[in-house]
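One chain, subunit A, links the two complexes that follow: it is found with subunit B in the first and with subunit C in the second.
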Partner chain A sequence: MGIYLPNPGEAHINGVIVPEEKAYEEAAKQFLMAKVPTLFPGPLVLWDWNEKAAKKATAIRHLYNTLKECVQPGQTPMLIPMPDYRPKYPKINPEVEINPNHPNLTIWHNKIDCCMFIGVHCHQANLSLKIIRGGTSCYTIAMCAQAGHEDAMLSFRDASVEKIMKLAEWVRKLKGTVQPRLTSAKSGASN
Partner chain B sequence: MSKERIKISEDLYDIMPSDYQDLVKSATYGKEDRGWKDIGNSKELIEQHSLCAGCPESMAFRYILASLPNPEDTVMVGSTGCTSLVFPMVAVHNIHSLFGNQNAIASGLKRALSVRFPGRTKDVVVLAGDGATVDIGLDMTLQAWFRQEKFTTICFDNELYANTGGQESGLMQKGFVAKMAPVGKLFDKVRLPEIARESGCHYVVQCTVSKPSLIEKVVRNAVMISREIGPTYLQLYTPCILEIGKNSMEGLQEMRDSEKPTERFAYKEFISEPAKELLAELAAKDKEKKAAAKQLAAQGA
Partner chain C sequence: MADTHSVIGTKNKKGQTFTDTWEMLNEAPRTPSFFTGSEVIKEALRRASCDVMIAYPITPQSEAAALIGELFAEGYIGDYFRGESEFAVMSQCAGAAFGGARVFTTTAGPGTMRAMENFPMWAGARLPIQMIVTCRGINSPLSIQPDTLEIAYLLNTGMLVWHAETAQDFFDWILKGYMVSEEPDVHLPLALCCDGFFVTHTKDVVNLTPADMCLPPYDPYRSPVPCMDMECPPVRMMRDPFVMKSNYISYATHASWQQEVWAAVERSRKHTIRWINGLIETENIDAEVLIVSSGTAVSQGREAIRLLEDEGISCGLVKIKSLRPWPGEEIREATKNAKHIIVPEFNVTGWLAKEIKASIPNSDRVNAGPHVCGGMTMPPEIIVSEIKTLLGMRTMSLAGRGS
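== the complex of A and B ==
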């Protein structure tokens, strides 16, 4: 019962275990279809606390730049940080950041319809993914450095610089082959 | 943790909200002689807060955070109350504890940090309201002092339960009528500074937060003594202007009025003999350092 997490070399798409290669293709497709494809880097990559973190940050920037190059007019990729996990009072500024305790605010405000979490500690990613799934129609992807996330619609595991770069390659490979959802009334995030 | 580790990844620097960029660029982490005079010249370790306009507690927060001698290696333990609304906006590691449990949490935390980081100074500072310190958490507060746990306890004394509408607290003054305590307090304000002294605290101060330089001095003393000798306690009057019927501009005057020699928040200080020796030692070192700096400056000129 329930969703099994993928084994090494695998990923899951909507709870179905698939070879990792298939997940790269699907994630790239979802990004290219979305009106506002967004990357949410978390503290594990935003802070330069070791060499690996800095390299992942570089790879994320590369993925973002690739997205910007590969989307069509009308699509607006975004890169929005999750700098820390504390609830922000009186409120967060959803234009510039996302918070795991109310991630839906950022999704709604920017009309994000496809997002990927990376560098977010698993328990906070789980919390965010549940809230997003429950309160919006945004497609969620997790590039998890551990065992993956059952709450994401698509989840990789054992995230590394190479995997982020490979996803960027897939985005480039599928450039121009995917029809964006620009005209669909149901395309944007909704509450 | 040293300041060098508080660094944003270069490739994602531009997307970080400005408050985080400012913290890295101009906060006073790692600065040896940090103090309240840094306020206005550097990034404070508190962002906007959700306390009421003019709340003296916000002043207290700013002075305390500016005065902690080692903020990058300090963990603050909070409890339920107005203070817990502020902690999410504070750039010092902090833990929110179960109501009243703060000194028990701090005890375990301090011990764990000593084991985990044996060669490094790690300070623990409890900051809670009078309800958490004196009523609901009195057991945990006293037991930590009896055990001589090496951390500082700071009580923001506003003399009632403020954010639940004004119920009577142990630190409320006798006869005071609050919104949710219409009969008036029937017994005296609990004399916690005296209890703290008798319970083994090596440095106890009761004062208001009307003077930033005083807060800087007592916070530094309390943290340094708790680091080397044993528990310390600060009781700071931070009146709830709403509950005592004052306007937002009147908090400072209320504190000034209450700290007069005959009033209930007249400055009170108890220092144990070992703590006195330590403070004298620190003062001598400070003097030496200043003299050396002066000499160096003279040579340079």
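== the complex of A and C ==
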């Protein structure tokens, strides 16, 4: 708890500070290995509240389309928007939802085995990432617009359109070189 | 995320230039000025681009709240008003910070205790409010004299807690404090403490940055929580399963929330070290005897060291600047060769000695004291006496001033 977060130009993988380039490669590999690689865009990129947000949203759609093009049969990329953090009322179903602050973050009985948060406010992202990490075997990635996320297994910082596009390029570059895990995350998980 | 363009180099309505903070504090020329600690708080605030200051100026411990009122009248503070009590002030500070303002307030002693419920709320809501605590006695019968017991209560609120030794620390740390507090991976309130009266009411030479330079404004779009979102926690706190349900996911969310606050305290370490040049300062730590303390007890420790040198006794010093984040590793390293660790404190319970004991091996090396309390001064002679007694040397008997 409370690791040193990466400086500009760096990222972290499992808490170890690495050059950003290495993180692109690892994130792309994790996406291509996953049975259900999933992007969770949050309110900071889902609402057209400034020019940057709109461009980022377009880049995220491009990354999702790239994932769909690059995965093998049996892999199912998903794009699940998380438009706000309202708690669900009057009840939540912990069987399908991992966090009452994130009604749209459906973990699908732990079938999502790799996810990336982008455009999620840092505090809310860290809460969810902690719970996902504690209760599932999902590999978590954060594309953070600020200082990065210690609770993701892999985190970029200073997210920009260029960085999202670069990650998409890495996915394309590694297409066909990574062996996917075609069993569900749950069957391999201990929880 | 926000489409913000840099304001550095532009002017505010008072003609001050928004200046890169590092440049302003480390490279700009300084002017020596002879001020009380309270006046120094005012001068720091003049340069802080503060949006809102809320005051409950009952305490005679510090004139700062009234002086900042003058700043508002001069046009340097965005808004300024008086709350009905310390509790009200701290709640109003939360409201202003939720709304995206840079907020400042000041309190002391019983006022700090009365407002206590708000401090973990500030931290939980990730509000980067700065609160000056000019410590005074908190117990009955009331005292307006300095006593640092209230700091002990702040240590587990989730706030950052720094302890200034001098008015110069105070001036610099008010400005630097905002830089650490407002980092998006920190974004926590800061309790910037000093020993009231000694620092607030005495005059000292303080090197001030140019009055025509000020901090860049706070950017609420870097906040880790949405600004004033009435539908979501932390603003919306009741009527939801998040709070009111007894189930695992509710507990898990609460637990994660608390962990995240304390993780943010730890993440502040990197920024605090950069801005205040380390969490501790050390002198002569190869000596067998070390004085380890914070606040004005450090100044008294320096005097004691001078007296000991006259008698040929070598004694080192560790000044603790930040209490949260706690410099455990730094203290372990600095005290590794010490046989005797003396912890003078201005309070009756010795909370700092307990913190140090919990952080180092062979904690029986720690001598908790001398303590003074209830507003007593701490003459360096009683520190000297304590050290000489520990070393088995003859020492004069002093009148009791506490434990």
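Brief remarks on what is shown
The rule we apply is simple: the second predicted complex is superposed on the first by the 163 of 191 C-alpha atoms of A that agree within 3 Å, B and C clash if a C-alpha of one lies under 4 Å from a C-alpha of the other, contacts with A are read in each partner's own complex, and residues count from 1 in each chain.
One rule holds for everything that comes next: a contact is a pair of C-beta atoms (placed from the backbone, for glycine too) under 8 Å apart; a residue touches a chain by one contact, two chains touch by 3 or more.
Since the model is a prediction, treat every value here as computed from it, not as a measurement.
In the superposition on chain A, A:4 contacts subunit C only, with no contact to subunit B. In the superposition on chain A, A:127 makes contact with subunit C only, while subunit B stays out of contact range. In the superposed pair of complexes, A:162 makes contact with neither subunit B nor subunit C.
Partner contacting the larger number of subunit A residues, of subunit B and subunit C: C.
Look at A:41: by the touch rule set out above, it reaches subunit B but stays clear of subunit C. Looking at the shared chain after the overlay, A:52 reaches subunit C, while subunit B stays out of its contact range. In the superposed model, A:60 makes contact with subunit B only, not with subunit C. Once the two complexes are overlaid on the shared chain, A:81 sits against subunit B while remaining clear of subunit C. In the superposition on the C-alpha atoms of chain A, the part of subunit A touched by subunit B in one complex and by subunit C in the other spans residues 53, 86-90, 97.
By the touch criterion stated above, subunit A contacts subunit C in their complex at residues 1-5, 43-44, 50-53, 84-92, 94, 97-101, 119, 121-124, 126-127, 130-131, 134-135, 145-148, 150-151. Interface residues of subunit B facing subunit A in the complex, by the touch rule stated above, are 5-12, 15-17, 20, 48-50, 85, 87-89. Against subunit A, the residues of subunit C that register as touching in their complex are 1-3, 126, 183-185, 187, 222-226, 229, 231-233, 236, 239-242, 245, 247-250, 252-253, 256-257, 259-260, 262-267, 269-270.
Interface of subunit A with subunit B (complex): residues 41, 45-49, 53-54, 57-58, 60-61, 79-81, 83, 86-90, 93, 96-97.
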